[in-house]
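Each in structure tokens, the structures are laid out below.
Look at the two complexes coming up: subunit A is in both, with subunit B in one and subunit C in the other.
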Partner chain A sequence: MIDPYLNTLLNIIAVLAAVIIVLLASMVLIRLFSALNKKKYRLKAREWEEIYLNYLHGDLDLEKAAAQMGADKRYYWLWNFFAPYLEVLEGSDFDKTKALCREIGLIDYYKKKLRRGGTAGKAVAARVLGALRCRESVAEMLKLLQSKNELLVQAAAQGLAKSGEPGPFFQAARALLGNTFFTYEGAAEILADFGKKICPHIARFLEDETAQAAPGENGVDPSAYRSVMIDLLGFFKYREALPLLQKMLTQADEETTVHILKAFINIGELPAELDLKPYLEHPYWVVRNFSVRAWKLTDDRQYLPILEKLLSDRNWWVRFHAAEALRGAGRPGLEILQRKTAAGDQAAASISSYALSRNEVQPQL
Partner chain B sequence: MTDPKQILVAEDDPGLNRLISFKLEKEGYKALTAYDGKAALKTALEENVSAVILDIMMPFLDGIQVLKKVRTAKPHLPVIVLSIKSRETDLNQALELGANDYMTKPFQPDQLIGRLKQVLGNN
Partner chain C sequence: MSTFAIILIFYNIFVIFYFIGINGVYLLLVLISYLGLRSQRSTEKATDRYQPFRSEFYKPLAVIIPAYNEEATIAETAYSALALRYPEFEVIIVNDGSRDNTLSVLEEKFNLEQYARDFNLDIPCATIRGIYRSGDYPNLVVVDKENGGKSDALNAGINVSQFPLFCNIDSDSLIDADSLLKVVDLFARDWRIVAAGGTIRAANHCSIEDGKVTQVRLSPKFWVRFQIVEYMRAFLFGRAGWSTIGGLMILSGAFSIYRRKAVVETGGYRLDTVGEDMELVLRIQRIMKRINREYRVVFLPDPVCWTQVPESYRGLKTQRRRWQRGLAESLFGNFEIFLNPRYGPTGMISYPFFLFYEFLGPVIEITGYLVFIFSVLTGILNPPFVILFLTAAILLGILLSTSALLMEEIYYRSYPRLRDLLVLFGFAILENFFYRQLHAWWRFRGLIDYFFKKRAWGTLDRRSFTETAKPLGKSTR
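What follows is the complex of A and B.
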């Protein structure tokens, strides 16, 4: 006779084994199903590609192409198929692709999803309709910006950015910075999809001191908000903003100063008459660091003595960029570095030797 | 009847690669395709190609490296570079290395074919 305790133990082991087998079988089935699904999609996509390319070339008319591609109403697959083309096409091919998506019923399907879908459905719909530049869906996407759900706010901002409408730019920026955990670099990356046309609007915003205080709504930090705007001007190399940025620099806080200097570097130009001295000697090391990098744009020799002093800066990055700037400044810069290698200041000697060793690999003289 | 000119399309996005190739073939060219930098370099050097449409961001070997090597081996081979807008520095580098023309994505494939005809004509 089996001991009742042993019997219970055996039963537990049997149940656990059964659960593990069921779990493993489910995983295998899910993988098989997914692989099968992918294979089916690839076959379908190949079939659609031929129809689509012939349609783009004019060998097949809109109605026929739509009837062949949209017959089984696999809208999610259709979206996967069209998405990469919409990313890279412009002009008549983009317009023809959009017309085909409309004729197939893809646009109507996702419009309904945007209004009445679940969270995931709405998020996908916002991205689809944005990529298809459906301006008629902008109002619906703006509503999503107010959502408490971060995923929806992000998707709505992405959709709005791609839609080609500059109007919702500031609302999207406020929502991204106020209702999500995006860093300003992350927010700027999404907002960049609004395109360079947004720059004059940003410049007007930055010129308006009253507007600068406004982004407090949604709990947005005005300094972070301003920083994103300045970063975008730099990203788009909007050189028309140089006088404005120079004006802002005179009354900017530390963070804003850093972003303005960064924008100059990205634009690749400094405003005429800008005196870099206060920034090269600024108490905040990040400002000194970016101003040294900005100096490389001017190559103005009057600042060489300050760069020489910065070889002894207490921050390694400032010393490094000062040494790099001098290395790129031709003979006078190299002479300073050579002199410093023999100086008593260990930090300056070390960074100067390092810069000169790099110079042997990439000679500057 | 002369053989059609062979154009190498080096682009890692398969859909875009086939779209460009399709348009080229409709224009009477023969498209040779490569989906990564290594394959692109091999085809450019070993095949008798009349021009290369070269994407900058590709696996294994980027377009800049491909261009450098192609320029050394075939200095007069016309090359049109494709890139996304935000990689402007890459484009500048490509032009300095001797790319004949460039286009930034998103773009109109018909314009690309127009540019290709132009560089082939100039050549």
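What follows is the complex of A and C.
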């Protein structure tokens, strides 16, 4: 009779061996099935490509193309097939592709997934329906924005941004900043997909003082929210917002001031009669830094003495951008830099030599 | 029964429970990392997340490459870094007083010229002799400094870097073109992240063109194959699992990205440790807690860095002894974290695990083998039990490695041939028969080095990526 300990050990060994065999077999089967699947998809995609191009050229009508492509209802493969086209198509070709997807049943399939799928399914559906600019799914995607799940919020915001409907822009922005840990940059990146058409809406929002207080709702920091909006105006180079931004600048907090100056730099223009002096002499170094960069847009010589003083600023970035601004200011700027290289102030001398040495080769900074 | 026999029995029982504990945690980590990887894959499918992050909204980044006697690999590493896909970045190579031709190779290949770059000395570092820029690549900067070790070179690079994020890459490593985008994407999606890292894979015998891995091939070298299996285990269920539960304690020094401000606030890399990567991650966590700032340290398995792993017995032994010493230095240098609930899973789960199982593991394993043998010889344990127990232990080891191979197959499929995967499975079996014991012995020696305060880095063989057959240089610290 075998000792019970040994018996237990034998059983454990048998289980472990069986599990290893199962894992190994799974590994091999996954490799084989995946290779087979890839091959099948390649063949299908080749077949679909011909049908699709004939359809786009008008050699095949919608019903026939849909019947041939959607026969085996492989919706995920169909999405993979259409996705690269949807990224680049515009106008009638896009509309025809969308009509084909609808006829095949792809849109209905993903609409159902968006309503009743699991987390991953809903998120993929939001992406697909967004890429297909399905405005009828906007309401469902708006519901996802309220989800506690970060993936769903992100997918819904991306879907809404791609859908071409500007209405949900503010809800998406609030959800990204309030229900997720997204940074300004991350949120702005997604919101930029709404396109330049949202700029007038943003401008109206920024003009409306009461609306500015609203984003506090979802625990969104109003300053962060406003900053993202201003960043987007800059990103889209929305010149029409210059007077508004100038007006805001007079009452802005430090953070908002930084974003407004950044927006001026991105737009490539400063509002007429903007006095940069208070910003060049601002106690917060980031404001000084961005105002120096904004100065480059005007080239106004009256600020040269302030820029010269900024070569001795306690912050490296301010010194760097002041030196860069002077380097780009032609002869008077270069003369200041040359004078400073020989001056007693070590910080100013060092940054001036650096800027002068950059005059020959321009590194990508 | 004598007291000695009773002690032996108790020690045997302790070893068995220790073994159950360590393997229990590993099995749990396999499950957790499987779920974590699945969730990451869903996120990628659903959000096409690397697609949009290519615009000016991305934070600019400096890639810092410390180099000491790296004439054989430095040019390819630099080409690889310069070929990265990222909106705005600069590459800073820090020549740490090399005694070979590292600087000359860089001068020749990249048309370097000295210039007066100004920077803040935010972290102390050895004297910087000169800063060079490339006439051909505007975003390449070479810093030439006096020798001070890898940590000191990294600190010099951080001082010279001007961007909010920096990425450190070893000079014998190459990173995939999209890797930076993938890791920095995490920084854009979560403002709490202060440090993030990716997976390290063995580049030995892979085809490399212009600093890029163009074809992944399995090295024919015995020692390399063991390490491939080990790396898969360490990254695919080790770090992925710890990261999923929020208890990550280490990011690989070969490829990780940090917020510059956070690193400067912690005083940069410590010079008195050989485990500078782990030590920095732990210290960042301590300082962030001290100043009450929310933070996260995360690992993403997809961005890949390819590195040359040691091909010789001597090289591997040296590396593993150093790693164990670095582990000890990092743990005891940050002991405040141990069982401290303020640090969440890091303090309550990962740190105790690393202390009891990773730090003490080699001692228990080596003494366990000796006590088992002695117990059999003296009749305290019966041979059938020992044989069955060791069989179960070996099978558990194989099971863990096979799980890592399966996850690799499900999620990444780096090795294009099925044969390579089966060969690796063979090595997952083989490693249990002498490599595991040898590895435990090296780690044990590493602990002795730590207690005797050995400071040297040891000697590393360096080979050109494209000429793996012929050693071209050596690097010693």
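Going forward, the second predicted complex is superposed on the first by the 333 of 365 C-alpha atoms of A that agree within 3 Å, B and C clash if a C-alpha of one lies under 4 Å from a C-alpha of the other, contacts with A are read in each partner's own complex, and residues count from 1 in each chain.
As a convention for this text, contacts are C-beta pairs under 8 Å (C-beta built on N, C-alpha and C of every residue); 3 or more make two chains touch, one makes a residue touch a chain.
Quick caveat: nothing in here was measured; it's all calculated off a predicted structure.
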Report task. Please indicate which partner A:S92 is in contact with in the superposed arrangement: first for subunit B, second for subunit C, both, or neither. Result -> first
Query raised in the report: Is subunit A touched at more residues by subunit B or by subunit C?
Result: C
Query raised in the report: Which partner does A:E49 contact after superposing on A: first (subunit B), second (subunit C), both, neither?
Result: first
Report task. Pick one for A:A139: touches subunit B only (first), subunit C only (second), both, or neither. Result -> neither
Query raised in the report: With the two structures laid over each other on chain A, which partner does A:A155 touch: subunit B (first), subunit C (second), both, or neither?
Result: second
Requested in this report: Please write out, lowest number first, the residues of subunit A touched by both subunit B and subunit C across the two complexes.
Outcome: 192, 235
Query - In the complex with subunit B, residue positions of subunit A that touch it - result: 49, 53, 56-57, 84-85, 87-94, 192, 235, 237
Query raised in the report: Which bits of subunit B are touching subunit A when the two form their complex?
Result: 13, 15-16, 18-19, 22-23, 26, 86, 88, 105-111
Query raised in the report: Inside the complex, what are the residues of subunit A that reach subunit C?
Result: 3, 5-6, 9-10, 12-13, 16-17, 19-20, 23-24, 26-28, 30-32, 34, 119-120, 123-124, 126-127, 151, 154-155, 158, 180-186, 188-190, 192-193, 231, 235, 266, 316-317, 319-320, 350-351, 353-354, 356-358, 361-365
Query raised in the report: Can you list the subunit C residues touching subunit A in their complex?
Result: 39, 42-43, 45-49, 52-53, 55-59, 88, 90, 115-120, 133, 135, 138-139, 141, 162, 187-192, 384-385, 388-389, 391-392, 395-396, 398-399, 402-403, 405-406, 409-410, 413, 418, 421-422, 425
